[in-house]
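Next come two complexes built around subunit A: one with subunit B, the other with subunit C.
Our next item is the complex of A and B:
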């Protein structure tokens, strides 16, 4: 059996593999293409049978998302622009604080041994696995009592809690990649641990902090369950607003599709920027460390 | 001599206490927010689960012991939800693992434009689950949806995807699989590329067939990473909520209500807060059990890589 001999079996299996890959690619890319296409369709074109591939683009969906033009003022508009602003404020402030806290905790978990470290690490990770609806049963009461319901501050608090566990684990992974000698040498030379951390170690994991921020932002940005239960009018984020978007004729699909496209754009940018660390973020800093 | 060792010991002590201060100071923000946002709510949930209690009438809390649990565990509707969730998890995880491993295996080789293909394939994973739900609901509409149009144009009958219990299960599975197969592809490709080339070369010298190589080298070597991927998908699809809110709204009837969906409905539509707490506790026990398996394997992997 020399490897150069191609049998009919080889040929058939090669074409089969190619065919299956093609089918998967269509399944994978098709809906994204359809989402983008539909976001430019007018209501007439959306419901056209057979579905239209070519049509005059209609920007009303985007206009209402960004709060400009005639569509924003029309009766059917749901004023999604405010929710876009809420989304930006909540996810940016939530991400910043989650990454700051996670960086500190991740450093300690990487460098020190302390009583209950294993339990702490498990507890931290388990918060990432929690089903949101379970804690929501209590948040619903707690937020009403503390006056946090329907506020950006309350949502930011949730956003920090939901991401700090992931941030801690990823940052621990990045700190593990920095040799311990860095601090040892600094301490031998009379510097404090704090100095070694802020002036030597932190600059070395700059890229890691950026990647962690990227991940936390993506999760905070797309979060739906918490925001949908804990907001009623003022603090609604864009994903929640989408789910409530309904006009006289039912769901306003053009707006939903446009909002979907607007939602994915920052995520795409972050994905591209952190592509090297994708694996690390998806496996809690365990894989893909270099 | 003795003074020297004395100062050295003092310095050592000082360093230790500054280390302790650092541990405490650096962990406290994370610990504080997690205690307030996780530990406190979970203890309260357990507490509430022993009461007949509604968020609407907060003044009357009647202690009823384990009656909430007794009621839930003997409620055939809850078992239906568990069965539905189980079916959904099984279909999703099986499809995602099979497709993900297959595509990941084909994509591990270097080829022109690999980065672009890869990024494009990751797109479904970047979308918000609620957008995914609406997108599929839009595409699966029985009258003007693109899916039925495509079926019709190749001569297949139209399907009322979201109007029948069984079809809705498969529709939800198709949407979840669409969204999360890229995640398995990402992990599988990384795992496959991490296998040293020399092992394959040695196998080739021994005349191993491609099938043999795949099942006896590739899969076993990648197994630890694939296992992590499997557990992560198990947990995530088990607690799936967002997708169902947007795609089916739990319908037709109550056919596509997952356990998470049931918790939300009991708590925020019926306001049976005590009962919802008990159900949330049951859900938490299952998820925490799965997480423990995950963490154990993550730590093992962390030591190896």
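Our next item is the complex of A and C:
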């Protein structure tokens, strides 16, 4: 094969690959672009045909999402701001507690042997595999009886339950990467095991804790199934609200789109922050250490 | 005689199905370096961890300085430990790693005193220039120096060193070993030094304790062990090259090598206890003469491998009764595949099944 023909072939295949990637990128980015654009459109611009690329931005959607400005209290406002507050409270407290419990449980599973440890670890993971739909009805009945239905507290409990297993597994992986000599050195040199855990081991896995917290937060933030069944008016989270944000004048598309953008932003921030830990977290800490 | 610094009695420990220690006894006298020599998996690390209190024993008693510490917390035992690999806490810098123990609730000292002692210890180990560095910027040799400094700075009752130099290259290892010995001479300390390296063990230790299969095989000075090795296991671990073993039988009051020509009179093995006919004859390579073919009454063998070291040659000789390694002067220029003959000057008899020594029961050979 002559050099010139090779070059032609390379050029063609390169452009082909480039074209395919461009189409694929468009396919992925397109909806997000449309969402961001729509979140700034007034009702008239939204339904304009052909769709407008240039228009006067309308911030009413964001105003109602963040509960500021005139739009927040207008008749068309559908209470998206309350859902945002609910989402933040449930996700943050659920994540914090799931990571706290998961860290403690992960340490125990990493360092100590106990009867049925393998079964326990499997059970813990199986809670993560559970399809929420399968148990929704029972949760609904149980929450109604216990007075937890439509409360942030109830949703936080669900969030902990859904994430603590994953947190335990990921943290166990990170603790496995910390040599047991760390505790042994501390104990032989006159410290307690608690000191070794809090002052030596925990700082060594802080990247792991951050990654775990990120994962749990995303799951809690995006959680839809439980929240949609277990809430009715008071405790609706943002994903649930978006799915049915109808007000006095029908579906409020501007508010829905603005809420969608707001829903995406924490995920973007998180993935940007933990991009270095991402591989480590995904491999449960197996590849991360020397 | 005063009580030994460390006394281990009947230690037993199993990890799952693996029996790491099976009734181990050991004594380390005050101010002595005792090398715990054994192959990988012999129970060396478990012995050290048990001495420090870092494993829960199934049975047995640990005494330190005459006091029973079996149920005493590791933090109150006043021992220092240096591991083979991971030793330095990455969340602390070098000087805080060295000062680590001196800030603990148990061994707390004044900050001024800590500074003096850290400085002095760093000087001793020639790491003063590293004090402000982060531990992950150190080389392997520097790391082990810092680890040893942390162990030394507290002046504990006893040092437990678990293959502290094995991860280092040969030159560093020899240098640091000499320094450890020097420090021991200056500071009068008791050390239990676990290693699988025979050269390292005899270089640093006053006495050796040979461990295998979770039990003590023999303890003593290197001279005592060479004079009367307790069993086949000891012979395999001692010497460079280690002891040669041959299949042998006793015929008409003399020991005959399987397929060999040499007959050693049974009387030359001192007081013996003989069971079945088959035995193993063990001999230090130093007691075996390797010659050209044709010596009268010598055994015949083949040179299987030659390792030319310039000044000398290490050869492996194969024979019908067994193979052995020996270092020969360069003048004996055997080549691989050459036939040779060898003659055993003196040796020991071992039980073919148990491996226990069954010769020289009355004492040392003349």
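One rule holds in what follows: the second predicted complex is superposed on the first by the 264 of 290 C-alpha atoms of A that agree within 3 Å, B and C clash if a C-alpha of one lies under 4 Å from a C-alpha of the other, contacts with A are read in each partner's own complex, and residues count from 1 in each chain.
Going forward, a residue touches a chain if its C-beta (ideal position, glycine included) is under 8 Å from a C-beta of that chain, and two chains touch if they have at least 3 such contacts.
Every value quoted in this text rests on a predicted model; they were computed, and no experiment measured them.
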Touched partner set for A:190, first subunit B, second subunit C, both or neither: second
Partner chain in contact with A:125 - subunit B first, subunit C second, else both or neither: first
First (subunit B), second (subunit C), both or neither touched by A:95: neither
Partner chain(s) touched by A:181 [first = subunit B, second = subunit C, both, neither]: second
Touching partner for A:136 - first (subunit B), second (subunit C), both, neither: first
Which of subunit B and subunit C A:231 touches, first, second, both or neither: neither
Subunit B versus subunit C as contact partner of A:203, first or second or both or neither: second
If touched residues of subunit A are counted for subunit B and for subunit C, the larger one: B
Intersection of subunit A interface sets (partners subunit B, subunit C): 187, 192
Residue numbers on subunit A that touch subunit B, as the complex places them: 1, 17, 20-21, 24-25, 27-29, 31-32, 34-35, 38, 46-51, 100-102, 104-105, 107-108, 112, 114, 120-127, 129-142, 157-158, 160-161, 164-165, 168, 187, 192-194, 197, 218, 221-222, 224-225, 228-229, 239-240, 242-243, 251, 253, 256-257, 259-260, 263-264, 267-268, 271-272, 275, 278-279, 282-284, 286-289
Residue ranges of subunit B touching subunit A (in the complex, touch as defined): 15, 18-19, 22-23, 25-27, 29-31, 33-34, 37-38, 41-42, 44-45, 48, 55, 58, 99, 102-103, 106, 115, 119-124, 126-131, 134-136, 138-139, 143-144, 146, 149, 153, 178, 181-183, 186-187, 190, 207, 225, 228, 235, 239, 241-242, 245-246, 260-261, 263-264, 267-268, 273, 276-277, 280-281, 283-284, 287-288, 290-292, 294-295, 298, 301-302, 305
Subunit A - residues contacting subunit C, complex: 179, 181-182, 184-192, 199-200, 203-204
In the complex with subunit A, residue positions of subunit C that touch it: 49, 52-54, 73-77, 79-81, 83, 85-87, 89-91, 100-101, 104-107, 150, 154
